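In the two complexes that follow, subunit A is the common piece, with subunit B as its partner first and subunit C second.
== the complex of A and B ==
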């Protein structure tokens, strides 16, 4: 989505290339360093902060990170905003809970081995759901995803013989316990999130990803260009659902209980969507930043004010403020700021160069400098 | 006879849902805003009625004169302050903002009233009329009648006033409406006010027919969204027809099978309809520019 300024002059091939490149892209080295530092911080975090209260917030944040990256892989790239990913989250939870119950698994390690199955179940659910909801676009799609989520919540309530209904289900706890209880969850979620992120990066660079972005920009034209739109959208949804299902499975084992209203919850997608939007929808780093900044905040409010619904008010107000102040997302907004600063820097450099040009007579130069110093004043004021 | 009774109950209750759903679909039609807060707004209307009728002792019907203006102002204000500034990705941004508004209102209601279920009571709450072996609850007759009156008023506003013409023009093409001199922002704010006001009026009736608390809003919004999808997004008449179909299906299933399955069967009907008409019964397909 490169924005090209209309210029009367012809652009040279390099300039065209620069214009079409992602304007938010930092240099490859800066990006590599940032990702490495971030990864190192995330890996070291629970080893440095060992307080269980802190690490449990970190665990939930990792769950959110995983799910937000997965959500963005479908909704961010295709432009089909899903508010119904809680369906896959819920199926992941119930898959794990039911498997543990009926296979009478007790050992903790094999519980975690169920996670890929939770992902596969969620992905399998995404196929019929996707075939139904992907027939419509835009608003109807959004609302239909919400409706499907409520349908599954209702079904979870209405089949007490399978799901335990409103009484919920207990999930047998893992065999390990104590202060390091949180660590396996943290690292599994982090590892899965990294896999999801790598896949997200791969999709973004692949022909398949280009197809998704084309669908986001203009679906009919994409279809006209020979992209199999339904298949492309469905595959993206299934991949996305797989990872969200794993997040659900992790959550079920970690918390130890599954309830219809918390498995198929309308809040879940509000979080995923807002995290992605705040970070920058459809970008690689946006969902990561959004989840890492807002995830802990959400947990903090819930722990601090969870006894009453005060945290709902605080969170709602916070969302409104963020959405109105940073409508484009943090990453694009900061990138814009960075680019305008960079442009100003270039402009000044250009001015300096033209001023100190060797062919210009000195009297004219000083005159020019004097006149130019006048418009320079508002620039300074803007900066301050 | 049971089935017939189910159909009668469904039609009467459907009128009420048509009233609540019409606000949602009207707002969507004019400004493409999915008002996720409609559920909690109905509950807010119900609570306002509850406060005025139990603490001040006014008849619930009279409280409408107070609640509708309050709720209209709320809707107008929400548009002017929160929705108008949104410039990009309007559909999803406005949905998220309304979602957040719903969360804030829910939090406030929960703190003020707690989780206890309450119900608005009036003299005619329990009485009923018997005609030809069928029971017509006075309350539901009132709900149906009032919904019909309010929807008729809405019809007059939409099709017989200058504002209505501006509103319909905005629905058809906001840019063209702007070009012919319609103040689209004012029309949108007023429409959200009307939508929220209709929700509140529905809330007064909802509060009398069912006991509620702040979390009732989720059940409500899921039903309202489903009604609006089935009717076709943006079509007020579609919402009315869909509301009646939904409640009839639900009540008939409830009497012949089990109340638990009423809503589920309706959702299956919805899925079946969408297989053949993805745009809903009366909707237009969104073409181009996904």
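== the complex of A and C ==
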């Protein structure tokens, strides 16, 4: 690997000033423009590509986008890699299916009004589940979340009087026209994903979010600096579960069927985790990038090779390649490179200044100036 | 007057008695040294003081309040900050973010929702970084800093919360002399403003030069306490820790500077 010359001591005063305010690599203006362009593309997409086969893939991609952003709000920020978010996904699905069944709802619009309820049910489930699984860390946490997920799958199978068991449940389809059937799902998922993203952004800038990131890096020390770790983790999990529950509810209405093995499925969390890891775990834009690029790919694979689950091998290989080449994901790796280039730029500027003008005394007082900086090595890669 | 009172504290790990009825006091407003051979229970005592370990017996009082059963976040809220023997900074956060983690976590949940980089806290972070001399590394990811710089950062992250007492676990370990004297001057400057220190350290020159009072631990108990000259001359200390035949002080003088 090329040694990147970065002399952080020579960051410009503007750069230093920004570091005190802003956790992001790019300037506010660049970020604003990028997000606006992306949003415009996403809003326009189903209006330009009206083929139902295409918009149906787009709808599933939006579902993934919503859930991945939500998953990252907990697992990305706190470092607790959950492979059990399908619990909240499943509860969202069954909540909607059961409500529609027992309330005999037929109008499509009121079906969609059930989505917040699906979110609340999932969030409520996250409280006891969280109190249980958050007692352990790292690998044990991952295993425990999977175990809890399978418990709920078994429960769904074994209470046919409530869930229909392995026969599943049918969800009465919405009543709007078949021509534009996909559009409401697309825009509701997109809208909810934007809300989730805005919340994710707010968390990243809040003390609460900084506490989560501190827990990710060193939970014991975070505790010793006054962070109430259990409460912080649980709140993040509940928020995350709320949005995943909505994704589940949307899925149930869109597909029209709910089955235990597809509601409480281990593959779901693998998708969310891979999307987040590829894009950049714990970043704002990483999960968005991951879901928008890999979501359609997942749909394509499933349509082409869905008869067997062999296509999952491709995902496995992709995951391994990403972990080897870009262990922190695409976004952080690019941000790092950008930082290094910026630092090199300021170093050259400083050199030019010192050659042309009289030497100015260095402001380095620690006596430990390092001439090169090694790109950050992740200390632990949870869930690798 | 003593700020921290340790009374008959016992801590067992299996068959090992890390703390065996340890009783000692740390004076308010002083730089207290805590020395002792490896395995004498210094770090265990720190862990008990800061709530990381629950003692098997005895009590810890902070200004008369029993804090024995407190969790680390509660101890911190009472104004006790600590560093670790193996330096612990938040590796993937920037230097500035590291500071903000500790800053002002007292306002309840509403405060949690506010931005970590609000105006006043930003100014305070800048001030603290200036104080330890890390300002120009503000934007750098903490894991990229050198070991000595991480030590300074860990120290800065504690002091930004303005605790009444700071516990330092081997601040001099692996730090070069220039940086060490810088650290010592920062400790003295903070102490002059009223912060109490407890310093665990093996570097005798550093301890004897810096501390007003030194406690010696041996096999989980307090062996003796006093000003540096008394401790240096105490035959029990020489036997237990420094070794009777090594004349360690002269040795240390040559070794360190």
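The rule is simple: the second predicted complex is superposed on the first by the 295 of 384 C-alpha atoms of A that agree within 3 Å, B and C clash if a C-alpha of one lies under 4 Å from a C-alpha of the other, contacts with A are read in each partner's own complex, and residues count from 1 in each chain.
Simple rule for what comes next: a contact is a pair of C-beta atoms (placed from the backbone, for glycine too) under 8 Å apart; a residue touches a chain by one contact, two chains touch by 3 or more.
Just so it is clear, the model here is predicted, and its values are computed rather than measured.
A.B. asks: When the two structures are overlaid on chain A, which partner does A:277 contact: first (subunit B), second (subunit C), both, or neither?
C.D. replies: first
A.B. asks: Does subunit B (first) or subunit C (second) touch A:302, or do both, or does neither?
C.D. replies: neither
A.B. asks: Tell me the contact category for A:351 with respect to subunit B and subunit C: first, second, both or neither.
C.D. replies: Neither partner.
A.B. asks: Between subunit B and subunit C, whom does A:210 touch in the aligned arrangement: first, second, both, or neither?
C.D. replies: second
A.B. asks: Which holds for A:143: it touches subunit B only (first), subunit C only (second), both, or neither?
C.D. replies: After superposition on chain A, A:143 lies in contact with subunit B alone.
A.B. asks: So, does A:228 touch the first partner subunit B, the second partner subunit C, both, or neither?
C.D. replies: A:228 contacts subunit C only, not subunit B.
A.B. asks: Quick one: classify A:312 as touching subunit B (first), subunit C (second), both or neither.
C.D. replies: Touch status of A:312: first partner only.
A.B. asks: Kindly list the residues of subunit A that each of subunit B and subunit C touches, one partner per complex.
C.D. replies: 216, 218, 220
A.B. asks: Looking at the complex, which residues from subunit C come into contact with subunit A?
C.D. replies: Contacts found on subunit C: 50-52, 71-73, 75-77, 81-82, 84, 88-97, 100-102, 105-106, 111-117, 122, 125-126, 132-141, 143-146, 148-149, 152, 157-158, 161, 176, 178-179, 182.
A.B. asks: So in the complex, the part of subunit B that touches subunit A is made up of which residues?
C.D. replies: 28, 32, 34, 36, 82, 85-89, 91-93, 95-97, 99-104, 106-108, 110-111, 214, 218, 222, 225-226, 228-229, 233, 260-261, 263-264, 267, 270-271, 274-275, 278-280, 283, 285-290
A.B. asks: In their complex, what parts of subunit A are in touch with subunit B?
C.D. replies: 79-81, 83, 132, 135-140, 142-144, 146-147, 150-151, 154-155, 158, 215-216, 218-220, 266, 270, 273-274, 277, 281, 308-313, 315-317, 319-320, 323-324, 327-328
A.B. asks: Spell out the part of subunit A that touches subunit C in their complex, as residue ranges.
C.D. replies: Subunit A residues touching subunit C: 8-11, 15-16, 18-23, 205-211, 213-214, 216-218, 220-229, 339, 363-368, 370, 373-379.
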